[in-house]
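Two complexes come next, and they have one chain in common, chain A, joined by chain B in the first and chain C in the second.
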Partner chain A sequence: MAQRGASAAREAMAVPGLTAADRAAVNPLDRGYALLGMVLIAPTVLIFCAVIVYPLVSAIYLSLFSIFTPTLSGSFVGFRNYAELANSPEFWRSLLNNLIWTVLTLTLQVVLGIAAALMLNQAMVFRSLARSLILFPYFVSTVVAVLVWRWLFNDLYGVLNHLMMWAGILDMPLDWLGAMPNAMVSVVLVGAWKYFPFVVIAVLARLQTIPETLYEAATIDGAGAWGRFTDVTLPQLRDVLVVVVLLRAIWDFKEFDLIYLLTGGGPIIGTQTLPLMVYKEAFGLNEMGRASAVAVAMMLVMLVFMLVYFRVLRARGEEPR
Partner chain B sequence: MDARRAEGEVRFEKVRKVFGTNLVVRELDLLIRGGEFLSLLGPSGCGKTTSLRMLAGLEFPTSGTISIGGRVVNEVAPGARDVAMVFQSYALYPHMTVAENIAYPLKKRGVPRAEREERVKRAAESLHLTELLPRKPRQLSGGQQQRVALGRALVRDPRVFLLDEPLSNLDAKLRAHMRAELIELHQRVGRTFVYVTHDQLEAMTMSDRIAVMHEGVLQQVGTPSEVYNRPANLFVAGFIGAPTMNLLRGRAENGAFAHPAVRVGLSGHVTPDLVLGLRPEDIVVGEGPFESRIRLVEPHGHEQIAQLDIAGGDVLTIRADAALPLAAGETLRWGVRAARLHLFDAASGLRLDATCTAPQALAA
Partner chain C sequence: MSDRNMTVLGRRTLLGGTAALGLGTPMLARAQAQTTIRWWSPQTAPAQREAYNFQIRAFEQANPGVRVVFEATSDEGYPAQMAAAFASQQVPSVVTHLPSFALATYWQNGLLEPMNDVIQAVGPQNYYEGANRIYEITPGQYCGTGIGNSAANMLWLRADLMQAAGISAPPRTWDQLRDACRRMQGRGVFGAPLPYGRNSMTSLIFICFVHGAGGQIFTPDLQVAVDSDAFRNALEFYKSMRELCPPGATGYSWGESLTAFVSGATATGIYTGRVLANVAAQNPRIADHISCHRYPTISADIAHWTFNDFPSVMIPKVAPNMDLAKRFAAHLFQPEGYIRQLHAAPGHVLPVLKTISAMPQYQDNAIINKYRAMVDLMSESAAAGHNLGWETPRHKPNTRAGAIIASHALSEAVQRYVINNEPMAQVVSVTAQRLEQLMRAS
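The block that comes next holds the complex of A and B.
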């Protein structure tokens, strides 16, 4: 109400003598800049259409056909692929696996990432060395990392079982990758290990910009170490965590190579997520149409979660700055 | 009221602070009386902020003891010292509303919600913040943020208020306004205020007493008038007052202070090498035994400040009524108000007890 009053007042105070022609006048330079702007963004728009819009549209298009992958020929079936998916326990199981994997590994990544960032933000010996080393898992190629982990997890000669038995934690060797729920736990752990450095980088950068006086004020106001963390650090990290969680959630949800290489989706379909199901339908079962339908369904699920995510953020009463 | 005053007494005893190889505060002995407004005044790097931070518990003294209300607090955590601090940057919690910011220290002390709300309301009223309570700090102007920071201190009714250059980030007009509000606030709450500033105007206008520091050493403690009228040494003499005091180096000769341009009779014991301190306002313009050329004139509206080239290669700053026709290049007659001059020993820099009697004509 007050704002409307203020803008009305501003209208009334418009410069006397200003004519409609003055307002409508367009600077020829502005027109030139606008043209230049369009020329400059044109390549981006074209590439975006070629690699994003075209595959998206063609996936939706393909999902309406029953297609044999090697020949890419087949017949129009309408929404039958979707109907079959809705009745397929494998699809729902894969979706559930996908959610379990994403939520668990993302939670671990964030917790580990914040903890490591807090540690690296402290004054300590070999800090810059530690800061570089902690990024190591993120830089290692997934294939290499997974091969090493498979060797560590191996139920016959893996060092993990050996160490845990030696320490008395296990009596018998554990089948880390070939039985449930061990396989899911293993996949989640390796995912967390591989991707938590991303959280560390983002959080550490933000930590370094938190003013020291806020901690001092909180100390004098009577906050202990935990109080300073929850009342100063976490709120300051909020904005960066919103972005980190969003990005990591998208990337984890569509993660393929790490899971495929580690368990191949097994045992049976115990760790099969939707991206693995797309791959299996398209190239294992040669059902390109159904694979496309799974991919489109995956996109819809992600869209729904993103909408919910932003809705929840907005409901917290915080406009993103 | 007396108990309230006693618990606000602060004592620094032989306090030293060393950062690495840097001696920041050396042997600070200072008694701050309960309920008084004391300013720690000095140029940047003089150790005033470090002293305040040691009192807050944010730094630990290398040696010596600090006590509040008769209790040594060296080992007491900042939150348990019953002191509140206002920072130069305000240090408001950005994600909390004004009300939550002010309530925070009470919440951390386990004050029940109903009482918390009541006390926040009262603090907000006394600082004219009531309408701003639901806002976030970034929606406030600098002056409003400053008042919220004061409110966060006020709401606790702490024994000691610590203020670290709280007005430096405000514009000149707002600063003058906040000075008046701070004086009023201090009178109302009757608590000890320790105020760190490099601005002598703030120190002079608000303080009961001023402690002047320089290079980690306490130079003088006294009321604003004592510090201004009886500076204990050359540093205080040169630091307090604007424009600054003129300091002329000369010798004691036949019972008079002798300088190529000035000669003043002396009474009392003096050392052979002297520094004469003349405040610009203690120089009589237009009459007197001395004569010098005007170097430049700065009009200030209500007065003018001029610099004179005097014999011996020194420059003398004077203050004159705006109506006087002064112009650069002209010759001006001047004298001194002898009783108001200051004498220092040139070797030690310390104030001498001797007094000046009367200006004497210069030998031709």
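The block that comes next holds the complex of A and C.
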């Protein structure tokens, strides 16, 4: 019997066009491998479900209810939360703020990051020390960084106002965080300062792998410093910049602590982004359902970004990574 | 290393591990047997923390096997922290110093344990008359009990600056106040540290101005009442004071406003009696020049209105070890610890127990002795004080007051009119709509 079974399995495997599942159906060894494969992949699937699928489904589910946060009790309201959001000027203003913050701070981070990386790639005195120090803002806790910046921005004792008044640029202290557009400008500047070292790390690592021969060839062809930068350095950095921009765009879009601690979203809602609105709805107004609706809307906006990103990559003939 | 050595090491490791387990098990069992009480408060100045530690030690000594852990919250952060705690059922055992209107919201949603037992343990006869009235949302049941009184909108003045400006008497009306601020402003000193931030202080202080104009936020039966001349006058005056406040006042909350006066950056202040301790510790140079008064109103015909947030003690309904939590809440009123707590910020949190006020130990404090008349004035003002949860004796308790403050609807009204220069009619209309919406959400 066993011999006949083994023989049938061999015959089945020899038939072209059979899938692994077909083969597993007739071959006990393949069945074992398939089972082992499922067992091995199960933890990953379970963790994925626990940390991605469950929160996502929960958020969507909660967004269909009106829920009082402290008791988590409420009633089903269908899509009313979404309809209210669509008619809420606060939501659209927060979304706009979110986009302004993300685009401006990301642009500054990339520009500063590339500039600093180029500088640190040159032979210079104390290069190692400079490379270490430039990473400092990225490693310092956001709370500490914000406290320091709030102190610098302080109207009565802040160094910034003091220096600008001493230099004759200002007559009176400037309200850096309490008036628009100063508050948004300040938040963007602090965000760029805090996160540009991430760009430096990534770009510097790539710069060190660009072959020197490319620069030599460009120089022989008559390229100046700017020409070498645009024709050699930038194309070589493109891959790493795509990843950096993608990651930082996601992280900046959902940034909460830095903006909340710096301005609390004010003045009025001048610097309120969607994550701050989620927090306000969930814990300030105790409307967990509406907060979930804002969070789902945020996710949809991010999804649109991702789709645009993939489309751009495909248009360039590159595969999304 | 040979296999033999590895085996020996393995045995030793095993033996050591067994011994550690043997020794550790009783400790683990003891740790499990220990009961923990979690105490939250937004009042966390270092001197207050010292007083709390004394109270904690005394309770732990009297109750072996009980450990009390203090966890700080903040005036701006407690709504979020409490909401998360209630939602996750990971609540603290006892929460102190939250404003009474916050408790009203929690009580309305069935989240608090009645405090009748604690009040009985402290002794109802020991409280000042009516001290717990604001907590009686449901007749016969108290959602909390007072741990102190506060007079948050006292006007603080600098006698030296007044004299230099030729001002002989404290201002009684808004016009006089504005004039005094204008005359004292200069040489790096601003007139006043009024808050214009999007925060609870701006909301709460602005409510004082609305009442100072003879108005109210809600009618006694809790209909929105901001479409009034008083509300408009309050906004107008608040705007006119902007040029007399530091540029950064658009972000001021309690801490910044207090520091501005204590450091000497402003000629007047608006705060509780915490000013006294902070001046003594941080800027004794002005200690002999400060005085406190009831905050001016729009005219002498309008009575003063003092904001008292009625700092409270509350116990969440799902708090573990309820009996112990109630015992600890009552323990906080034991004279020795309670007086230390009050002395940690003299004049800031005023006693709610008349038995304590009368005690020589309470009176025996350098700051209270030095500024006795001011402390008495604050006590008197606070005793007659109100807040958004209970605007006047004619008002019904407003159980949505906490949500209204947390929504920043009132501080945003200030910002819209003062900072954004939006038309008055639009600001009033938007504010009224938001308040109605928040009241409907109950």
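By definition in this document, the second predicted complex is superposed on the first by the 274 of 321 C-alpha atoms of A that agree within 3 Å, B and C clash if a C-alpha of one lies under 4 Å from a C-alpha of the other, contacts with A are read in each partner's own complex, and residues count from 1 in each chain.
To be clear about the criterion, contacts are C-beta pairs under 8 Å (C-beta built on N, C-alpha and C of every residue); 3 or more make two chains touch, one makes a residue touch a chain.
Because the structure is a prediction, the values reported are computed rather than measured.
K.L.:
Just checking: does A:G227 make contact with chain B only, chain C only, both, or neither of them? Give me first, second, both or neither.
P.N.:
In the superposition, A:G227 contacts chain B only.
K.L.:
Now for A:M172: first (chain B), second (chain C), both, or neither, which partner does it touch?
P.N.:
So A:M172 only meets chain C here.
K.L.:
If you count the residues of chain A that each partner touches, which comes out higher, chain B or chain C?
P.N.:
Touching more of chain A: C.
K.L.:
Could you look at A:L104 and tell me whether it touches chain B, chain C, both or neither (first, second, both, neither)?
P.N.:
neither
K.L.:
Counting only touches as set out at the top, which of chain B and chain C does A:A249 meet: first, second, both, neither?
P.N.:
A:A249 sits against neither chain B nor chain C.
K.L.:
Tell me the contact category for A:P211 with respect to chain B and chain C: first, second, both or neither.
P.N.:
So A:P211 only meets chain B here.
K.L.:
Could you say whether A:F283 touches chain B, chain C, both of them, or neither, answering first, second, both or neither?
P.N.:
After superposing on A, A:F283 lies in contact with chain C but is clear of chain B.
K.L.:
In the superposed arrangement, does A:T219 touch chain B (first), chain C (second), both or neither?
P.N.:
A:T219 sits against chain B, while chain C stays out of touch.
K.L.:
So, does A:A293 touch the first partner chain B, the second partner chain C, both, or neither?
P.N.:
In the superposed model, A:A293 contacts neither chain B nor chain C.
K.L.:
Which residues of chain C touch chain A once you look at their complex with the stated criterion?
P.N.:
79-80, 82-84, 86-87, 106, 109-111, 196-199, 246-251, 260, 263, 265, 403, 406-408, 412, 415-416, 419-420, 438, 441
K.L.:
What does chain A use to touch chain C in their complex?
P.N.:
68-72, 153-156, 172-179, 263-269, 279, 282-288
K.L.:
Would you pull the chain A residues touching chain B in the complex into a rising list?
P.N.:
It comes out as residues 211, 213-214, 216-224, 227, 231-232, 235-236, 238.
K.L.:
Can you tell me which positions in chain B touch chain A when the two form their complex?
P.N.:
Listed in rising order, the residues of chain B that touch chain A are 56-58, 77-80, 83-85, 87, 89, 91, 93-96, 104-105, 108-109, 152.
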